[in-house]
Amino acid sequence: MIANKKIIYIEPLKNKKRNIVVDEDSVVIEVIDEDSKDFDKFKTNISIADNINVEYVYLFNKNITSPIIEDREIKLGINTRLKNYYCYLGSNFTVTLKQQLDSHSELDHNVVFLADQKNNLNIQAKNNFLYPKAKGVFTIQGIVKDQARAGYYSSIIIDQIAKDANAKLEMSAINLSKEAKISLVPALKVATNQVNASHSARISNLSKKQLFYLNSRGIDKIQAQELLIQSVFQSFLDKLPNEEIKNKIEALLKNKLS
Amino acid sequence: MSKAKDTKEKLWGNANPAPYMQATSRGLTKKIVKQISASKHEPNWMLQHRLDSLELFKNMPMPNWGPDLSKLDLDKITYFAQAHDQQATDWKDVPKDIKNTFDKLGIPQAEQKALAGVGAQYESTVIYHNLKQQWQDQGVIFEDMDVALQKYPELMSEYFMKAVPSHLHKFTALHGAVWSGGTFLYVPKGVNIDLPLQAYFRMNAKGMGQFEHTLIIVEEDAQAHYIEGCSAPRYGVDSLHAGCVEIYVKKNARFRYSSVESWSKDAYNLNTKRAIVEENARIEWVGGNFGSNVTMLYPCSVLKGLGASADHLGLAFANSGQIQDAGAKVIHLASQTSSNIVMKSISKGGGVSLYRGLVDISAKADNVSISVNCDALLLDDNSHSDTIPVMKINNATATVVHEARAGKISAKDLFYLQSRGLSEEEAINMIVNGFIEPITRELPLEYAVEMNRMIELEIEGGIG
Amino acid sequence: MKLLLQIKNLHIAVDDREIIKGLDLEIKSGEIHIIMGPNGAGKSTLSNALLGDPSLDLKQGKIVFVDKNISDFKTEDRAKLGLFMSWQHPPEITGVSLDQFLFLAYKNIMLAQDKKWQAPSIFEFKQKLEQEAAKLEIPIKFLQRSLNVGFSGGEKKKIEMLQLAILEPKLAILDETDSGLDVDAIKLLHQAIKEFKVKDRAVLLITHHPNILDYIKPDYVHIMIDGQIVKSGSQDLIKEVQKAGFKSYVQS
């Protein structure tokens, strides 16, 4: 958390295409929920200037029956630090996220998602390292339950001139119900050898033994699932730079689980 | 640098003159397909299968993903030629110039003690088979496919192209129409073959396509290891290899399929390999891919029975101008199945090495466990490596772990070895050998040696 | 002294194979019971059966705890009544932090035993947790880690002890909790067991510890062989077993 930073609230979605420019140290908060217009497709372009420190919180919580497609593009300037905190809680949506790192820039991308009921969540992320000495750490955690479907495709693309690039992608998904489906593709495309790149993906669940253990501590199955969901979200929420949005997400989560 | 090139040329760059090429015309027509079937005296069902496949081939589009195949002109390829009519049963009966070629590639030594039998394919006809007596007595059938079709028609009609059907994609359809030769291996119930069986073949004539079919049936409780390796000389016209390997591993059986593929720089290697694994059975794929212009190779294990397991160990080396698009596919249809994939890729001089993997867990498969480990070593700045693992998990009780790394040889490691007196080249070779060791240690010695030698030659140009 | 646990003619099977073959046992509050027996006697199966392990089948008999027949009760409901088992091999659960998990368990169990109970805030709970952790010499940072992930066997056992201290069960079943612990940790454990007796709870300890009598004075000792309790007695029984082993009891 960065003390005394300017807080910028992005307006609710009004137009199909938006350009957001961040040119000073700040905490940016963007929410897409019932206050935003019901577009089936919309595009967001975000440009982060050079030499600044930005923390960007993005909450996607639109709950409409028809699917939504967001095309989102983020460009990081030179020597700039961007910390993303993306929380996906809505219903049916597809997000194409493209992030581009300039030289010496640093991206810390944290994602948490919960796909429940009959919802369909699809995220395709392309992270381009086009210039030298950029660094990116991507931590994606998700939970799928009920009859939901989640697909997360995240590729790290390191260009030939992006020497000394540093990229790490960690994906973890927990499947809580027999009918839920998960598809994960952590792709790594590297065109230079002066690079440090790795990725990992893990899919797990609550096993019978683990459930029995929690039961033996007085926690029933539903509570056990909630506990798991809350724990995953807690580690994400603890990183948020703004109390207000943190409380908002906590309340939304509580609502979803009850 | 030139010395290495010369050595490689000497090994692979020569070709025997091919007097038989006048017999067949290029391109693919119904007439040619009928000709192929007639010359082999095939039963009618096989001819029909070929014709049906030809129809599919004509109507199917080229794959719309993967490397660029636009330079592959399917009309310029010769689809069949019979170089030799007889099958030699003894090494001394094999014609001299063919022997010379095999000699250079080390076949006779390999045959001597360690191996049970060698099937060598010259062009599209198998000319040499030798099966050791003891296994023949046990009921093991190690035969070339054309002969097997005549001798064991029931087995063939039961299994042929059932694991890899013609309609899978354009190149399996092509294969279904023009397949010729290959290995038929049948291991009866409870039989354990401890020495590896091997077949060695190569392409020779300009623009010759190769469509051999390997059909392996391992009955319950049996165990065997089969090695396939190949090489082809350099030619200007694109050579196409659209072979097929089908492996059936029955209950409690265990089978290992090893292959070291080193095709010529202008070849297109578009093989389809698939194993169907039954209850508590196990398949192990151990492979090394070198050479060729374009390789697309994704051995696929279908884990059909409860508790079945698959192990995929692979190495791909892409040098300048080469694309190795390889990977592994495992489809978990049954519960308690497990798979382990270890892929190592090396790229150099602008070579592109891709790992494309698929693990698919069906909704009914409970308690599946999967582990995938891919590492890419980029030897210089121009190389390229992609890792695209797809995980489709439709069952909540599954545990899937995937890890991958990409990078270069650590300067620190190099410096350390050099400080112990190794030249830069020797140090790099040592490190690369260490990188691929998990795979080479699973291959029989002469293959491991050959593989290490090939890599040395590939790297010899010097790094950077 | 109340009768806390009564097991009558218990028969437990796994996949149709009987492991517990007619077992009887009574434990009153304030008592420390020890069960000893060779490997394969069914001791762990007994503890798991008391907690209602879903992979076990109760073929015959019944389990009565605090005057309730819990033979068909779900596991969490048995825990809520005040039954606790310290696991021999606690599973690792990634993604669930220890403090969050324990807070939830604490609230569930306390509320079940007293409807008027007021839950503390998470901060108050964390303080309590840190105090207990300090007593057991567990580093504070362990409390935020994923449940049991990356802990050694001994550390996992200490976490079990921490849970015992927080959840304050009526009957604690300790399944070889003292194995794999260093000398200091064992002292802490046995101190906790003694405190139990004073607090009028009960302990059922399954142990192999050669010098257990140096630390604890049990009220009853039972020898379990092949799914049954073949002999019950005082702590003298332990001395006999230490001298002669279990062989003489196997016959019956």
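Lettered A, B and C in written order, each chain numbered from 1.
In the analysis below, a contact is a pair of C-beta atoms (placed from the backbone, for glycine too) under 8 Å apart; a residue touches a chain by one contact, two chains touch by 3 or more.
Since the model is a prediction, treat every value here as computed from it, not as a measurement.
Novice: So which chains are sitting against chain A and chain B at once?
Specialist: none
Novice: By mean C-alpha position, what chain is farthest away from chain B?
Specialist: Of all the other chains, the one whose centre lies farthest from chain B is C.
Novice: Give the chain pair that accounts for the most C-beta pairs in contact.
Specialist: Most contacting pair of chains: A-B.
Novice: With chain centres defined as C-alpha means, what is the inter-centre distance between chain A and chain B in Å?
Specialist: Distance between chain centres: 41 Å.
Novice: Roughly how far is chain A from chain C, going centre to centre by Cα mean, in whole Å?
Specialist: Chain centres of chain A and chain C, defined by C-alpha means, are spaced 42 Å apart.
Novice: Where the centres are mean C-alpha positions, what is the separation of chain B from chain C, in Å?
Specialist: Inter-chain centre distance comes to 57 Å.
Novice: If I count partner chains per residue in chain B, which residues reach a count of at least 2?
Specialist: none
Novice: In chain A, what residues contact two or more other chains?
Specialist: 204, 207 - these are the residues of chain A that touch more than one other chain.
Novice: What parts of chain C, by residue number, touch at least two of the other chains?
Specialist: Residues of chain C touching two or more partner chains: there are none.
Novice: Please output the residues of chain C touching chain A within their complex, sorted ascending.
Specialist: 51-55, 74-76, 78-80, 84-85, 87, 90-91, 93-97, 100-102, 104-105, 108-109, 112, 146, 163, 167
Novice: Okay, in this complex, where on chain A does chain C touch?
Specialist: Where chain A meets chain C, its residues are 141, 172, 174, 204, 206-210, 212-220, 223, 227-228, 230-232, 234-235.
Novice: Give every residue of chain B touching chain A within the complex, in rising order.
Specialist: Touch list, chain B to chain A: 363, 376, 378-408.
Novice: Of all residues in chain A, which touch chain B in the complex?
Specialist: Within the complex, chain A touches chain B at residues 155, 160, 163, 173, 175-205, 207.
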